[in-house]
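Per-chain numbering from 1; labels A, B, C and D assigned in written order.
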Amino acid sequence: MTPSTRHCTLAPVIANREVAPAIFEMRLRASEIAAAAQPGQFVHLRVKSGLDPLLRRPLSIGAVEGEHICLLFRVIGHGTQLLSRVVPGETLDLLGPLGNPFTLHADRPAVLVAGGMGIADMPLLARRLREAGCPAIHLIFGARTAAELAWTDRVEAEGAQIHTATDDGSAGHHGVCTALLPPLLREIDARPAICACGPEPMFRAILSAVTDPAIPIQLAFEQRMGCGIGACMACAVETSKGYLRACCEGPVLDGALLR
Amino acid sequence: MSMDVRLDVDLGPLRLKNPIVTASGTFGYATEFEDFLDLERLGGVALKGLTLEPRAGNPPPRVAETPAGMLNAIGLENVGCRAFIDQKLPPLRALDTAVIANISGFSVEEYAEMAEMLSAAEGVDAIEINVSCPNIRTGGIAFGSRPEMISEITRAVRAAAPGMPLLVKMSPNVTDIVEMARAAVGGGADALSITNTFLAMAIDAETRRPVLGNLTGGLSGPAIKPLALRMVWQVHRAMPEVPICGMGGIMTGTDAIEFLLAGATAVAVGTASLITPSAAVDVLDGVTDHCRRHGVDNIRTLIGALET
Amino acid sequence: MSMDVRLDVDLGPLRLKNPIVTASGTFGYATEFEDFLDLERLGGVALKGLTLEPRAGNPPPRVAETPAGMLNAIGLENVGCRAFIDQKLPPLRALDTAVIANISGFSVEEYAEMAEMLSAAEGVDAIEINVSCPNIRTGGIAFGSRPEMISEITRAVRAAAPGMPLLVKMSPNVTDIVEMARAAVGGGADALSITNTFLAMAIDAETRRPVLGNLTGGLSGPAIKPLALRMVWQVHRAMPEVPICGMGGIMTGTDAIEFLLAGATAVAVGTASLITPSAAVDVLDGVTDHCRRHGVDNIRTLIGALET
Amino acid sequence: MTPSTRHCTLAPVIANREVAPAIFEMRLRASEIAAAAQPGQFVHLRVKSGLDPLLRRPLSIGAVEGEHICLLFRVIGHGTQLLSRVVPGETLDLLGPLGNPFTLHADRPAVLVAGGMGIADMPLLARRLREAGCPAIHLIFGARTAAELAWTDRVEAEGAQIHTATDDGSAGHHGVCTALLPPLLREIDARPAICACGPEPMFRAILSAVTDPAIPIQLAFEQRMGCGIGACMACAVETSKGYLRACCEGPVLDGALLR
């Protein structure tokens, strides 16, 4: 992350719509952030200008289209609830792009693993991999139910092959998505690079399924944040190197640190 | 066109070019904020609380949001006093802003040792003694809740760093803040920082667990402003000659003016910097505007000017 | 269809049909709210703080809004203990809800005299001793900040009203809430109300004056919830056998559940009733919903059920 | 005030527009409140449903039209600022009608005295006086400047004679409006009844200008409030009978109590 690319900006909301139950896609005009964004990075945004909520909320930069960035978020609490009611014409205070991005291993096949809202990282990542000439892109995507498999189309549009799983079996594999990883790895001839975003149990499943040290694994972490810029030490993630900050050493961390 | 406002203040022996400083622990080691504000516009920067040895800090989650406030239980994660001097201090030396090193210890000797190291190191303009961190389980009562402990630490640091401007940062978790303030002044403090965070707790009703890994944490932000203002006012009324650096929930220039009126000579911006990285200079601009609007040509005339 | 939830709790000898009561001073003499809620749905009502003689209260302004909170300095305006018994109590006698009389005194004798009067009057189900009102300038330290004073008052009230369920309402403006709680229990309290308001101040930067006529006031509302939760948890951990009525910023059923998990047996709704007159029953409905959603068939299983 | 007429209701906002600089007129649908409202009473409203601001704000019920009530408010702080941005379609949580209303002395000429936002009480008061057969209605209205003489037309429409004053002389008498009171009283043949709403210095000026005890003076007070329903003792107004509560013994108090 090059510090000088970070911006604090008032971004007009262009669109905000529910693309799946309680999952919203928001499009904002934020040209500087759009120009600088790398996959895996996030914006830290103020939901309202008052005191409620007080802290910013971190959301992945899901896709970039010209001057626009697209976010995908699930309504889980007070902040995202309010965010879901924002209408075009309002502006949001954004800080970004922040955080350590995915390293592109474009010489190998890429296996992207998304659990739930982890999908939010994937369209931009797939696009940059494709642009960098990545030979093959696979997306393994697990959600609770078919209706929540949002943004699959965006990743497919970057030429990725999609492998889905749902907890209730309403689409794709019936069960956890990491079950799809071993057969896929056997199918792929070269050693791939794995990029994952999702809940920690998913990370643990990946780490135990993939033991070959020559397969790079990158994991994008979520952690409660304060500043988002490395100053407050709120966002500690426990690793074999001690606590690392999800907002600057992360959110993308080398899987080897989590073994 | 717009009126000139004289902004410099004296926090005891420490001259600040203006009364706005940053609050320890909310401004990292200052350089993290260079993209977002001009550090040299600030009166001073109080940096992340230091301990003698590096510390890993508390298990996450370390922060929680509460109504108009936040809890933190960072657990004093820091690089340690030596690495601070070697790595964090050098980039700050050239800056024209006061550098305030904030220290926490687990024994009086540790405080004294850090004070000696820091006063020997070039570039530290003042030491702020944190007697009140409530997050560390020391197995005992916080230093800051006992007047005799406060004066002992202050005396030890005073002796270890004779020429150094010395602030004592008070814990608000006490029955009588004035008694504690007297103890600090009695021990040799040049000025008082009022206040640190309030011991508090957040619970997740769904999971039936405390939100913070450390169970309890310190409450900061706008929610505590009325409490902090009261404490500044009480101490200023009791000891009008003792300079105070006021803090607790300052988000705007108006908030800062309220602290000055209550008796603070300078103010620190804490939680606000986590929300808006440029908050400290925004507060400075707000203070200047307020002075212009009210025809105040010297900020010092506002200190303790509350009409009661 | 919807699960039956058993809601009754025992605040010491005082059986409440459900754990929701109103907080003293925010619910008048209860009848003011009859248009907006069914008083009989409440576990109990704590009424406006009484003094032996009628009191006029403090000069206005008496309230100020602060971030997610409010300050009040009512100054215990009330009709006096005698007029309370003669005029305010009769309409409450027929109601099937616990009536809690809250008393403030300026000497131990006054507390005892009121306790005697109230226990002789038919219709008072419990007495709550307010040892912490920070708004009255008694010319001295608040009773509630000294353990020996707390036990003395409690003992005197206990002796004056032998059979009466007795709550002591703690002041949060202390270093060690557990020490104060022990003093109250040692003096004979059946249960503890935690907590009263936090001493605080609001300043108007434009006029350079305190907002409140009384200069300082008590902070209540959501802003203090994390502080109150911490205190309830500390006291419950130290004395799990002592029933607590928890309060401070409860606005929703979820807030109430948090207090129960921290160790409260009942909870009081204060500031929320000033905002929404039906708040106390709304909180009750929220608590019941929470229990149903989580398959809790007896509210008592939640008390102190925090997993740490 | 009959307690059983009080309601806590979610009222849809029908219109909200700036009728003078920083002065807004808001129309809401609140049929029960509209039906019960008497002049001098107020609604206690929540500006937002969150925690910011926390307390309700009291505003006079300025006019009633069928199911609608109209409020007139000046933006002076955080709450009224937010209120000025409310748009039709939103709903506000109203508690009302609250407070002790003006007593109608409809057998005498009425002199209404409004200082600044005190005008907000006057349209409904003038209407009810007219309906009760009041022989003559005079409005003395003082504002800082001509542009702030809002709602004069509404009172005039009730058949009132209008006498204005402005601090800057941009309309009517140049100076305080109470200067218009003595000449008007001399002009009116019968003993009138005075109803006033405005700042306290205006009340003092009225009380010293009108010493005839046979002229009833009613004053509508503003005081910071908590509950608005008589329970918290926040809204004390100092009178010769001790503190009275602006929310239930007031806002309209007998001027004799203030001498």
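The rule is simple: a residue touches a chain if its C-beta (ideal position, glycine included) is under 8 Å from a C-beta of that chain, and two chains touch if they have at least 3 such contacts.
Just so we're clear, the structure is a prediction, and the values are computed from it rather than from any experiment.
In terms of C-beta pairs in contact, the better-connected of the chain pairs C-D and B-D is C-D. Placing every chain at the mean of its C-alpha atoms, the farthest one from chain D is found to be A. Between the CA-based centres of chain A and chain B the separation comes to 36 Å, rounded to the whole angstrom. Averaged C-alpha coordinates give centres for chain B and chain D that are 47 Å from one another.
Averaged C-alpha coordinates give centres for chain B and chain C that are 34 Å from one another.
Multi-chain contact residues, meaning those touching two or more other chains, occur in chain B at positions 67-69, 221-222.
Shared contact sites, meaning residues of chain D that touch two or more other chains, fall at 51-52. The touch graph of the protein chains shown is complete.
Every residue of chain B that touches chain A in the complex is listed here, in rising order: 25-28, 32-36, 48, 56-57, 59-65, 67-70, 72, 74, 77, 221-222, 251, 271, 273-278.
Residue ranges on chain A touching chain C, taken from their complex, read 51-52. Across the complex, chain B is touched by residues 3-4, 6, 8, 46, 51-56, 93, 95, 223-227, 229-238, 242-243 of chain A.
Contacts from chain B toward chain C in the complex involve residues 66-69, 71, 145, 173-176, 198-203, 205, 207-210, 215-216, 219, 221-227, 229-230, 233, 249, 254, 257-258, 261-262, 290, 305-308. Chain B meets chain D in the complex at residues 67-68.
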